[in-house]
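Below are two complexes that have chain A in common, paired first with chain B and then with chain C.
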Partner chain A sequence: EFRFGPCRVEGVVLSELWEAFWAVKNTLQTQDNITSVQLLKPQVLQDVSDAESCYLVHSLLKFYLNTVFKNYHNKIAKVKILKSFSSLANNFIVIVSKLQPSKEKDMLSISERAHRRFLLFRRTFKQMGTEAALVKAVGEVDILLTWMQKFYQL
Partner chain B sequence: AVPCVSGGLPKPTNITFLSINMKNVLHWNPPEGLRGVEVTYTVQYFIYGQKQWLGASECRSISRTYCDLSAETSDYEHQYYAKVKAIWETKCSEWAETRRFYPFLETQVGPPKVALTAGEKSISIVLTAPKKWQRHPNDDTVSMQQIYSSLKYNVFLYNTKSRRMWSQCIANSTLELSWLEPNTLYCVHVESFVPGPPRLTLPSQKQCISTLEDQMSALKV
Partner chain C sequence: LTGGVAVLPAPQNLTVLSINMKHLLMWNPVAQPREPVLYSVEYQGEYESLYMSHIWIPSSRCSPTNSLECDVTDDITATVPYNFRVRALLGSQTSAWSTLERPFNRNSTVLMAPRMEVTEHGLHLVVKLEDPGPQFEFLVVYWRREPGATEHVKVVKSRDTPVHIETMEPGAMYCVKAQAWVKAIGRHSTFSQTQCVEMQGEPL
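Moving on to the complex of A and B:
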């Protein structure tokens, strides 16, 4: 089960996500030639408090679903990559559907802090050409999963 | 360094990181077709998200085909690339480059230390997590358990009399097996396991120990 602060997500097997990504990791990362740019920089994911984590993971996974996977999906020729993407996307949909970030007033400053982290990620994404940004984002799913794993309990 | 004509030599091949407990060593094969030629190599590395390639100070114009980059890649939450080129007289190869290397996800976690104590029908197993690579021997020791809080162990037990193998995955460092046969030689080996992406495992050396003779049957004799 994932525990992003107050948000609980059951029914997702993290090893499945790892397996899906690991099968295509080298293929995806080899396509990324702009190695001097990192989208999920340390400033985005380091020292995220439990309370912030629910907001941040919600924003990141929604972005991956609505922007990254959706647009990268059309470029996928290889069946192997398509299978991996479907597995990742389906699991991300489950996680997002179960996350209920609190809208309470007293959580405003925390949600804003998480939002600034997300904006840093998205700004870096938008500063790149769309194609290059999509390739880089899918290649950084291992960084995203490594951070998410910190909130996972077997 | 003396400038050389790039592309005058074939590239080194099979360049890859071999990483165990965060000791990250770059390995490669010599370029093909250059048998008997005294080739030297130069290595550079790159931190993903940074701006430029950096020279590996210990691996400039070397003749060996490996380079320990543990110090350069010691921040295991970063990702890295490395590249090597071959040089011979005024000619050199183009760079041969690794794929992206993520020590936190890719290092092999070595086996634990295994201590066995036998009773009549029991064996007690105490495990000590492997140590992380240290820059200097007198640096503070860091256990791989501290890096991977979810570190687990697969314990394998083999009954040499019945020739049956039994295994169990445990999260803590002690295991008491108290349902064994007396006066029987058992062999144990253990693998470390970290939930997450698939990793190569390194089993511990097989250790064998015999359970003691059953006191009751000893008295009857």
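Moving on to the complex of A and C:
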């Protein structure tokens, strides 16, 4: 299960996510020729406290569901990629539906810190052209999964 | 008939039979006298139905198939509701799509008690368990058959069987039962029948 601080998520097998991404990794990452920019840069994902992690993963996964996957879909030609995206997206839906980031007042400073990290990610995304940003965000799913893996307990 | 042209009827009565995380979509045949009818299966998960309901994904194994069933296990890779639809194909004709009445979620799969074989080998209990797939783990419970016995528990991954349980006392009787556990859906099966084995040798 995932343990993002106080937030627990069961019913998602991390290996299924990796399997889905590995199946299309080369196809996705060869489309991204802007190597000077990283969306999920260290300032976004490094040294995230357990308490922050629930807020941050919630924001990131919702962004991937509502913006990245949704808009990248019409670029998908191969059925194989469609299947991988379906697996990733549907597992992201399970995670988001089970995350309950606390709205307590005493968590305000922590949630704001997490939000600043997310805003940094989104600002970089918006500064790129939409197409290039979509391609890069999709190609960086392995960075996202690697960070999420730190919170996964077998 | 539509405008005098024979219309290929859509397959009816779609159902899913799911046992031990193996999911089988089934439907009734479309009767056609002369040529064999083929069928094509497509699916969408909760994401597709929520965010892009026009997107349907061809099934890995049945696009098309001449069978009346389709193993959709590899298509279902998340614990969310999945929609399925099937249509018939005859030459250049295609029927309308027929859609599963209620979406299927793999957390409704039937988990069977695991088949188990317990033997004794040089004062070790050896527990052989069937391997229903990588998603499965087993809870193996064993105890010495005597009043007030303590139960011991061992968690075993499906690839790690047979299990050799530590050294037992000669001449003693030991009993074992096991249940299957699937992390992806957070559910376990009932326990298997208990099996007991006597260790060789004279009691200490």
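Basically, the second predicted complex is superposed on the first by the 154 of 154 C-alpha atoms of A that agree within 3 Å, B and C clash if a C-alpha of one lies under 4 Å from a C-alpha of the other, contacts with A are read in each partner's own complex, and residues count from 1 in each chain.
What we mean here is this: contacts are C-beta pairs under 8 Å (C-beta built on N, C-alpha and C of every residue); 3 or more make two chains touch, one makes a residue touch a chain.
Quantities reported herein were computed from a predicted structural model and do not represent experimental measurements.
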First (chain B), second (chain C), both or neither touched by A:Gln149: first
Which superposed partner A:Gln38 touches (first chain B, second chain C, both, neither): first
A:Asp50 touches, of chain B and chain C: first, second, both or neither? neither
Touched partner set for A:Val13, first chain B, second chain C, both or neither: second
First (chain B), second (chain C), both or neither touched by A:Thr30: first
Shared chain A contacts, counted only where both chain B and chain C touch the same residue: 19
Residues on chain C engaged by chain A in the complex (per definition of touch): 44-48, 50-52, 55, 57-58, 60, 75, 77-80, 107, 135, 183-186
Chain A - residues contacting chain C, complex: 1, 10-13, 16, 19-20, 65-66, 69-70, 73, 79, 82-83, 86-87, 89-94
Touch list for chain B against partner chain A, complex: 46, 48-51, 77, 79, 81, 99-100, 102, 104-105, 150, 195-198
Residue ranges of chain A touching chain B (in the complex, touch as defined): 14-15, 18-19, 21-22, 26, 29-30, 35-38, 41-42, 139, 142-143, 145-146, 149, 154
